[in-house]
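Next, two complexes with chain A in common: one pairs it with chain B, the other with chain C.
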Partner chain A sequence: MEDFLEKMAELFEEDTVQLTDIIVDFDAWDSLTSLSIIAYVGEEFQKTISAAQIVEAETIGGLYELIKNS
Partner chain B sequence: MYNPISLIGKKYIITGASSGIGKATSLLLSRLGATLILLDLNEKGLLETAEMCENTTIVLSVDLLDTKELKTKIVSIVSESGKVNGFVHLAGRPYLSPLKSLNENVLLDVLKLNSIAGLELAKICSHKSVFSGESGAFVFISSVYGCVGSAANVGYAMSKSALHGVTKSLAIELAPKGIRVNCVAPGFVKTNMLESISGSFNSDYDELLNKLHPLGLGEAADVANAIAFLVSDMGKWITGSILNVDGGFTAQ
Partner chain C sequence: MDLYFKDKEITGMLVILPSNEIYFEEEMENYNFSTAKSLKLKAALGLNKRRVVQEGVCASDLAIKGLDYLFSNGKLVKEEIDALLFVTQSPDYIMPPTSNVIQGHFNLKQDMICLDINQGCAGFIVGVNQAFMLLDQSSISKVVLINADVLSPKVSKRDRNSNPLIGDAASITIIEKTSNRTEIFGSIKMDGKGAFSLQIPAGGAKLPISANTSEMLEDVSGNFRSKENLVMKGDDVFNFVQAEVPPMIESLLNMAKIDKDVVDYYMFHQPNKFMLNKVADKIGVNRGKMPSNIVENFGNSSGVTIPIVTWFNVADEIKEKRLKICFSGFGVGLTWASLLMDVGPLSFCEMIEY
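Here is the complex of A and B:
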C-alpha cells in the first residue's frame, strides 16, 4: 500500500496523496496521467485497467480496490 | 512469364512471423516462391503460419532477446538447410507510456527487441557462413512514430527511430557485400497489437486513428506488399531508404 501511495503521489505530482483524495481533482489529472496509471498497473500488478475504470474508481482508495479486484 | 518480383530460389528469415504483419509477410513471400525461416517466441503461432505458407518453411522458436541463442540456432539451421539472402525483422512490441511512468527495465526490453535484435540479425546474416553472397536484402520495420511525434510513445519512438539510423549506416557498410538495407515505416494496421493499444483509450480513439490516415487504416498485407518489393530484385537499386507505408499519415 505504501509503495502504491508513493507512486500515485509521483504520478499526480504531489508530495503525498490520501486514499480519500478525488482523482479528477488533482491539478495533474489528464489523459497522460491516466495512461501513466494504466502503464504502472500493467507493469507492477500485471493487470489491465481502462481509462474509464480509473475515472469510475473516483478516489485513490477506489483505484487501489479496482486494482486489487481486477 | 516475366515476373520481376518472383522470389523463387531466395531464402529469408522472418522474425515475428506468428502473427500480424509478420504472418502476412511470410504468406506473401512464400507465395512469391521464397523459402523461409520463420522465427518467433510463439511456436504455436509459427506452426499455424508455416501451415498456411505455400512454399518450404522452417520453424525456429527462439527468444530474440537472447542474442547468443539466436546466433547458435540460426547458424545451425543454415548449416543444415543452406544460406539466406536476408531477413525481415518484424518482431516488436509497443510501449505505451507517458514520460512520467517510463520504466527503465521495460524500456531496455523494448529497445532490445525492436532495435538491438535487428542489429544482431544483421550481424549474423551478413556473415559469410550465413549470407548466400547474392541478392542480399535486409528490411527493418519502423513505424510512423519513428518519423513523427506522439504523446505517450517516447520509448517506442526511440526504439523505432533508432532503426532509421541503423538502416542508413548499414546500407553504406554492407553495400560492398551486395546487401541492401531498407526500412518500412507503417501506419496503423488492423492487428492484435493495435487492439491491445486502443483498449487503453476512450472510444474517440478509433475515430481519431482513422482521421490520421487519409486512406484509412491499413491491412497487414499492405505492409507485406512493400516488404516484398524491397526484398525482390525490383528494389535492386534501393538501399538506405525509409519507405512510408501509412495511408498518408506522414504526408500531413
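Here is the complex of A and C:
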C-alpha cells in the first residue's frame, strides 16, 4: 500500500496523495498518466485494467480496490 | 497459428520517405493541453519529428517512385516480377486494386498476380507470409511486396493521441525462392473482437462520408476529431500488445529451438518508444537488440515501420552478412504476427526521398 501511494504520488506529480483524492482532479491527470498507471499495474501486479476503469474508480482508494479485485 | 516455410528469402529492401519533416513543437498549439503536458508526452513516448506527405500525394505515388528507382538502377527487372502485393490501409480507390493500377503504370507482364491486402501495423509480416505462400507455386519465383501507408491526412491535427506520432512512408521488399537451404518460422494470430480498437469510422459502405461525418467532436481527453479521422483506443492497444506479443515471441523461439540471445535483432513494428521498451523488458531481451528509434525520427507509418527500422539501424551490416532476425508486427485487426528468419546479405537496403 505504501509503495502504491508513493508510485501514485510520482505519477500524479504530487508530494503525497490520499486515498480520498479524486483521480481526474489532479493537475497532471491526462491520457498519458492513465497509460502510465496501466503499465505500472501490469508490471507490479500482473493485472490488466482499462482507462475507463481508472476513471470509474474515482479515487486513489478506489483505484487500489480495483487493482486488488481485478 | 504456427507457420513454417523453407528455401525462400528476402533479397532486397527499399524505403521511400517523404522529404517533408514536421517537428513536435510546431504543432503543440493545436492540442488542447498545456505546453508542460505536451512536452511530458513527447519525452515519455519518444516523439520528435516525423515525415508526412505534401497534400495530394497518395500511397501509390510513393510506391511508383520506389519502383521507378529500382527499375532504372538495375536493382529489379520488370519481366521477373511474378506477383505484386500492395499492403495498405490507404488505397487510391475503393475499386480497382492499387496493385493493378501500379502494374498498368509500368506496363508489367500480364502473366502475374496483383493483390491488394488491407492490413496495417502487422502488414509487413502478413505481406511476407503471403509472398512465401505464393512462392510455393512453381510458376512464381519472385514476389515484390509493397507496404505503403499515407494515413496522415486521416488523422486530426487536434488529436494529441495520434497526430504527433503518425508518419507516411512506403517500402519495397523483394522476396524470392533460393537455392540456399533456409528455414523460416512464423506465427500469426487475429482477434476481430478488437476490430474497433483502431479505426477510421467513416468513408466505407457502413458509414459513407456526409456533412455529419466531418463534424469535429471533443472526446473525454480533450482531443478533437471527426468520424472521418483515425481513432485509437490507446489503452486497449497497449494492453493487447503487452499481453499477446511476448508469449508469441517465446513460442516462436521454442518452435525454432533457439535461445532469445542468439537472435541478432528484434525488428518490431514501431508504435512508440514507451511501448517497445515495455515489450523488450517483458520478453527479456536487451533493449539494444530491439531498436525503438523510428517514431522519433520518421513517425509511425503503420505497416512500413519494420522495413524502416531495419534500414535505419542495420543497412550496412545486412548488406554485408547474414543476420538472424525476429520480425513482429501488431495492431489493427487486431492482428499480431511474427517471423524468425535469417536475412542477408541483401543486394540492396537503402532509402530514397519522395
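Going forward, the second predicted complex is superposed on the first by the 70 of 70 C-alpha atoms of A that agree within 3 Å, B and C clash if a C-alpha of one lies under 4 Å from a C-alpha of the other, contacts with A are read in each partner's own complex, and residues count from 1 in each chain.
In this text, contacts are C-beta pairs under 8 Å (C-beta built on N, C-alpha and C of every residue); 3 or more make two chains touch, one makes a residue touch a chain.
The shown structure was predicted, so the numbers you read here are calculated from the model rather than taken from an experiment.
Trainee: Just to be sure I read the superposition right, which of the two partners does A:11 touch: chain B = first, chain C = second, or both, or neither?
Mentor: The first partner, chain B, only.
Trainee: Would you check which partner chain A:32 touches, where first means chain B only, second means chain C only, and both and neither mean what they say?
Mentor: A:32 contacts both chain B and chain C.
Trainee: Using the touch definition from the top, say if A:22 reaches chain B (first), chain C (second), both or neither.
Mentor: neither
Trainee: On the A-aligned overlay, A:50 touches which partner chain: chain B = first, chain C = second, or both, or neither?
Mentor: Both: A:50 reaches chain B and chain C.
Trainee: For chain A, which residues belong to both interfaces, chain B and chain C?
Mentor: 32, 35-36, 38-39, 43, 48, 50-52.
Trainee: Which stretch or stretches of chain A touch chain C in the complex?
Mentor: Chain A reaches chain C through residues 28, 30-32, 34-36, 38-39, 42-43, 48, 50-52, 55.
Trainee: Help me check something: in the complex, which residues belonging to chain A touch chain B?
Mentor: For this pair, the touching residues of chain A are 10-11, 13, 32-33, 35-40, 43, 48, 50-52.
Trainee: Which of the residues in chain C end up touching chain A in this complex?
Mentor: These residues of chain C touch chain A: 33, 37, 40-41, 44-45, 160-161, 220-222, 233-236, 238-239, 242-243, 274, 278.
Trainee: Tell me, which parts of chain B touch chain A in their complex?
Mentor: 96-98, 100-101, 103, 106, 151-152, 199-202
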